[in-house]
Structures are given as C-alpha cells and as structure tokens.
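Provided herewith is a single structure, encoded as structure tokens, for subsequent inquiry.
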Amino acid sequence: MIEANLDDQTGEGLGYVMDQLLTAGAYDVFFTPIQMKKNRPAIKLTVLGNPQERAALTKLILAETTTIGVRYQTWQRTIMQRHFVTVATPYGNVQVKVATYEGIEKRMPEYADCAQLAQQFHIPFRTVYQAALVAVEQLNNEDD
Amino acid sequence: MIEANLDDQTGEGLGYVMDQLLTAGAYDVFFTPIQMKKNRPAIKLTVLGNPQERAALTKLILAETTTIGVRYQTWQRTIMQRHFVTVATPYGNVQVKVATYEGIEKRMPEYADCAQLAQQFHIPFRTVYQAALVAVEQLNNEDD
Amino acid sequence: MIEANLDDQTGEGLGYVMDQLLTAGAYDVFFTPIQMKKNRPAIKLTVLGNPQERAALTKLILAETTTIGVRYQTWQRTIMQRHFVTVATPYGNVQVKVATYEGIEKRMPEYADCAQLAQQFHIPFRTVYQAALVAVEQLNNEDD
Amino acid sequence: MIEANLDDQTGEGLGYVMDQLLTAGAYDVFFTPIQMKKNRPAIKLTVLGNPQERAALTKLILAETTTIGVRYQTWQRTIMQRHFVTVATPYGNVQVKVATYEGIEKRMPEYADCAQLAQQFHIPFRTVYQAALVAVEQLNNEDD
Amino acid sequence: MIEANLDDQTGEGLGYVMDQLLTAGAYDVFFTPIQMKKNRPAIKLTVLGNPQERAALTKLILAETTTIGVRYQTWQRTIMQRHFVTVATPYGNVQVKVATYEGIEKRMPEYADCAQLAQQFHIPFRTVYQAALVAVEQLNNEDD
Amino acid sequence: MIEANLDDQTGEGLGYVMDQLLTAGAYDVFFTPIQMKKNRPAIKLTVLGNPQERAALTKLILAETTTIGVRYQTWQRTIMQRHFVTVATPYGNVQVKVATYEGIEKRMPEYADCAQLAQQFHIPFRTVYQAALVAVEQLNNEDD
C-alpha cells in the first residue's frame, strides 16, 4: 500500500493519475478526502499493488503528481477463490463471479455485462442486475 | 448562499480563498468534499453572506478560483439572541456567549479565550474549556 | 429543509440529536462532513420535514445542539406512489415496497424484514435480501 | 438542482447513473458522502440542469436508482462569458478557455487537450499543463 | 486492523454488518467515504480487533459483504489506564470514566448515562452532560 | 504514523490540537471524516512524525483530546531530493521548490511567497502563481 497526501493538485489531474496508475498495473487506486493544515482540503491517494511493482508505481506517482514523497507499507491479504459462470437472463447472458472461502460462497453478476445489456435494451441497470441475481439464485438451487 | 464546484483548483488555493472571503465580509465559508465526473475528487465551496454582499462575494469567487460560474439562492434564518458575560476560571477570565430563544438558554465559553489561556499556562485546551463550563454552570445557579 | 453547521458539538451528541429529531417527526436527518475556518472539521446537519413542523424542529435543534442559528428553505418534492406486498422466501415472509411513477415500477424488499430473518437463521443479510429479490421478480413475472 | 439521498444503492450503480444523467443532458452531476440513520453511509446525488429538463431528469433518477422520491429547487446562476483560443506548446496545440466577467479575465488550458498530448508523448500531465499555462501567459502579455 | 473497500454494497447492508461485527467482538468498526475507479463512490470498512479474532472477523466480513478480499496489518496501541467513578448531578448519578497515563488524568462522563437522564427528564443532552462535567470538576478539586 | 478516532471531541478543539501537534514537531497532521457506531460522525486524527518523537506526540494527543488510546505503526518513505531557487515575477521574487528523483524533476512555486505578493498587490493568488510557473518554465529552458 502506497499513500500520498495531495493539497496542491487539481481534481482534474487526479482523475488522470488514477487512469495512469491502473494502466500501469495497480490492483486498486482510491481517493479519500482529508483536511490538512492552513484550511486546505486535500486528497489522500492510496495505491494497492504487487510489492514487485512498488518502485514503478512510486515513480509514476512522483512524476504525475505534485507530492515530493510517498509512504508505503506491506499489508497481508485474504482473498477468496474466484471463478466465473454464465447465466441467462431475459436480456442475454451475464457473467457471474463466484467467490468461495471456507464454506462461504457468493455469486455476483458482473457490472460490465449488466451495464452493456441495460444500454442495449434501454432499460434500467437495476432491472438487468436483479434479473441476473434471479438467474444466479436458480443456479444455486439447481446445484443443491 | 453561494455555491461553486471546484475540480481544477488546488487545496492550497482554497485555503487562501477562504481567508479572502471571510475578510471580505462573508458570514461563513465552508468546504464539502464531492465527487465529480471523470473520476475527479472536487470541493464544493459554500459562502453564506448578506444578500447585499452577493455581487461582491461572487466577484471575489470568480477572480480567485478557477470556476467559471456560481449558483446562489436566498435561505431564511432563525438566529438566537446573543450577549456575552465574563466568568472567572482558575486560569483567568473567559468570555461566555449566552444565546436565548423562546425559553432556551445556552451558555458557551468562547474558543479564543480558552485557547489563549491554555497556551499561556501550558495546559490542555480541554482543561480550560471545562473550567469555563463549570464557571458557567455556577453562574446559571446564581441566576435561579 | 433545515440546515445548521456544527463545529463545537461532539459526535456523541450528534448521534443523540439524530434520534431526537426522527422521534419528533422529521422525514429524514443526515450528516455531511464539512471543513470550516480555523482548521475545524465540522458536520452539516440537514433535517427534512413537513413545513408545518419547521418551528418545532428548529426549536429542537437549537435546544439540543450548540448552534446559535439555523437556515431553512422550502424544496419541492416528486414522490412515487407506494404500497406494500408480501412475498415468501425460503426463510419466511418479507414485505416488499412497490413504488410506481409514470410507468416506472420498482419493487424493493424491506430492510427490517430481511435483517430480522438473517439474524433468526444465522445467515448473511445478503442471502435473505437476494432471496427476496428473486421472490419479487417471480411476482413481477406472474403479473405480466 | 435535483437531489436524492441513496442508502440502498451500490457504488457500481451510481457510477452508471452518473453517465446516464450526463448523457441525458444534465449540466453537472456530483456525489456527496453523507451519513443517514441506522449507521448507514449513503450518497447524496445532486443533478444540475436546465429547468425544462427537470421532468426528464427526475424520471431517469427514479428509474435508475432505488430512491422513491427526489427534491428540487431552482437556483440562480452567474456565469462568466467564455470563448476559446488556441495556444502552441512544445508538444502541440492546446485549446484555452478564456472566461471574462466585469473586468476579470481567466485563461485555462483544456483538460482533454493536455491529457491527450501527455499520453502521446509519454510525459507527465503536469508538464503539458504547465507548458500550456506558460503559453497562455505569453498570450496575455502580447495582448497588453 | 482489517480493511476492505466496498463499491457494490448498499448503505443498508453496511449498517447491518457494523452491528454484526461489534456483536462478534470487534473493538471498533468504522466507515470512511472513498472514491474508486469508474466514478464509483465507495466505503472503506475498517475493523479493529484482537489479533486472535482476526480469522473470525475476516470470515464475517467475507460472508456479510460483497468484497472478495480483505487486507490486514497489526498496529501497536498505547492505551490509558481506566476506571469508573460515579458523580451526582441534579438529575441523578452519572458514571464517569477516569483515564490516566504518565501524569495525564482525564475524567469524561459516560454517554449512555447522560442520554438516559436527558430522555427521562425531557431536557437537552447537553444540559446533563455539562452538569456531569461540573460534578467531575468538583470531584477533581476535592481530590487535590 | 499515529492514529486516533475521535467521536467526543469538538471541531474547535481539533483545530487547536492540529496547531499544537505541528508546533511540537509533527511532519504532518490531517483529519479524515469517518462514521462510527451509534450514528456518530467522527474524525480520524493522523499524525506523521519522526519515530523518535512518537512518545512525545502520543502524550500530546492523549492530553489534548478525549481519546483514551492511540494506535501506531512505522511506514517507510520515499522522498525526493529538494532545494530552492528564486525566480523573478512581475510582482517580485518567489521561492521555487525543486524536487528531483531518478531523472524526475519538478519545480513548484512556494505557496507562502505567492500568497504574500497576491495580498500586497491586491491581485488574485492564481495570477501570482501562474506568473511564478512561467518564470519556472523559463528557468527550465535556460537550463537545457
């Protein structure tokens, strides 16, 4: 986890750097609103990535933002096993992420598939998403 | 109430503009963290002021920030009556704001007085503030 | 809509006042983190309520918080028609809110019912909620 | 200005609805983190648009989100006059927005042009942006 | 400290999981508003707990939320010594937490006691809290 | 990095403690809005400092705030080399921070100098800042 506090960077520039960091291989990038000295609203940039990528991600942050330093630290992670199945909805097929860990199993429709079908059929995103959840549940029941 | 969304302004510049607006006569100025399009973290600037000052405050916002427009609207206000009394604490006198409204009475130690005594005596701010609250309560009891 | 900025109130006291305002008949009460002068993090309290209740809600805010004034303004509202139906899930019945407006129809499981069944059966909230969504969809299909 | 509080909507769905509202002609769409009853973190959705578009934008919000109501109110706006000029940087041309209002004149490089050149030349966004600011200043000086 | 970023979870579900985690023995649970890719407002869930409870708390997070992974790390803590004393206010007894550390001593009225008396006497929370602070100060003075 | 969650501290007191911590030698102090149990909005205080100063900074936090404990952990840092140069603008000299790291070089006008000149000449902060950026770029070009 790499962090930097940014109080002399514009929001425009931050949107740009998020894209650059994700393209460069960061697992995840997020912004937290913070409040710094001298009445300055600021943003804490957090970048999660592979430790092997730390030097490259650090260099990208220093090149693209106004910060003159970053701080970092290794966190451990517990990640569920994942695979994908496809379910049929009235609007077309949707990929479903199946995540498992010590007896827990979660099945979650993929955002991108639901969004694409919603736009194609001019229907609410929620309608496709719920249809996918129904298809997922039926899949669950057939498995039992 | 005047508002502007700022996504291309630095936090440094925002701290500066808060000071300028307060100096120019705004009742209050505050920042709210918001999230705009294209993954841009941004700040909503809100300025409360006398309607007669709206043109001057608007011009100051347009001159000092990167926004190309502001929005505004008149809100009504309900304000308590206020006067000040002085109470004695072990560390010296503290001004107390007394606010009243339809049978409600609140007495609140002034921040600046407590902060100044805390620094003078090298004691926690909390210690002076609580001493002032005690003095306020005793004042309350003598009044009854 | 009634608003007040609070920079000399504790979070404990704010949790308390939210309860009081909801009990007193506010439609909704919410907190927004803001940043005020002198490096003070603060909270904007927003209370939505019936205009007839404004005087009572104002008095409650002035009595329970440290603010010495509130601001207010009337907003218009567009509200969907609502009624409730009950659906059966494997874990028991769940009330479903049905909201309609100009051809839009949304059916949403009630939080409280799902939470209660999740606790009763020692299963995740998500499991009950998704089961209720499935039952809702089947209700939709029967209607067509 | 149209607002809705959303405590039963996912962040994924909110990213989707922001795109839909901008496509439908909203001037601006932004999210503010708020805190609602029952320990629920939530998002306030704010949509700025032409009053003539209010009915259409309201219907889109009700269709795409889980809210059962929106609130709205007309704000006045003060907007600077705008036109565009083109400046030459070492990396290519950049459009510059020139905004004027009662003697104030601001010239701001367009984000999209700077971002595109930064990606083309594999250089930091900041480098292009500052080069554009320099070109803008030189334009200012020639004007005098 | 266990953390997870949640962009596909509703606020309703998050209020529920906070209760579950506190019931399961977490020291503390809190939410931080963050901003993730694709214009998604999200919540960072942070859980503080005994390292021995980490596996159980992790499993609860994975079961109750939509995240497919958590990250964690051990932090050191410096905690003040605590004991409770009871003080008398005009409204009844209030427990006071006394915390000490290397010559620092803080005495803080318990929230729950103040809230309960405020409701019982139909008086502001602030009134009871300040009365308890006064009683605490008097306790301080008797000690000297 | 030292952190404490504060739900029974006022914003006034927090502005005071930020000043105290910076005076005591902290590298940086910032506030993050968080949401704690029982509907309490709260602030996470983060203090960055030299590990040798940890005991002193911890004691200051415990003395000045209402928290009964802090948590801490050591982070590694990557910091750019820095030196200052002076550039001439039409309004006077401005110090420019030059930061370098593995081939990256950034030159950033000092906030305090720009703010002072803006106030002296009654011109927008942005005007001085951009003039300093232009002077910085010209310096860059002369260097090549």
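Here the chain labels run A, B, C, D, E and F in written order, and each chain numbers its own residues starting at 1.
Throughout what follows, a residue touches a chain if its C-beta (ideal position, glycine included) is under 8 Å from a C-beta of that chain, and two chains touch if they have at least 3 such contacts.
Since we're looking at a predicted model, the values are computed, not measured.
Relative orientation of subunit D with respect to subunit F corresponds to a rotation of 180°, obtained by superposing CA atoms and rounded to a multiple of 5.
The pair C-D is the one among D-F, A-C or C-D whose contacts match those of B-D for more than half of the residue pairs.
In terms of C-beta pairs in contact, A-E outnumbers the other of B-E and A-E.
Note on chain placement: the centre of subunit B and the centre of subunit F lie 22 Å apart, centres being C-alpha means.
In terms of their C-alpha centroids, the spacing between subunit B and subunit C amounts to 29 Å. Our note on geometry: subunit D versus subunit E, Cα centroid distance of 37 Å, whole angstroms.
The set of subunit C residues touching two or more other chains comprises 8, 12, 18, 31-33, 35-39, 41-42, 63, 66, 73, 106, 111, 126.
Listing the residues of subunit A that touch subunit C in their complex gives 33, 35, 37-39, 41, 106, 126, 130-131, 133-134, 136-138. Residues 3, 5, 8, 32-37, 42, 44, 58-59, 62-63, 66, 68-73 of subunit C touch subunit B in their complex. Across the interface of their complex, subunit F is touched by residues 6-12, 14-15, 18-19, 31, 33, 36, 38-43, 66 of subunit C.
Of all the residues in subunit B, the ones that touch subunit C in their complex are 1, 18, 22, 28-33, 46, 48, 73-80, 82, 97, 99, 101-102, 104, 106, 108, 111. Those residues of subunit A that touch subunit D in the shared complex are 12-13, 16-17, 33, 63-66, 111, 115, 118, 124-126, 129.
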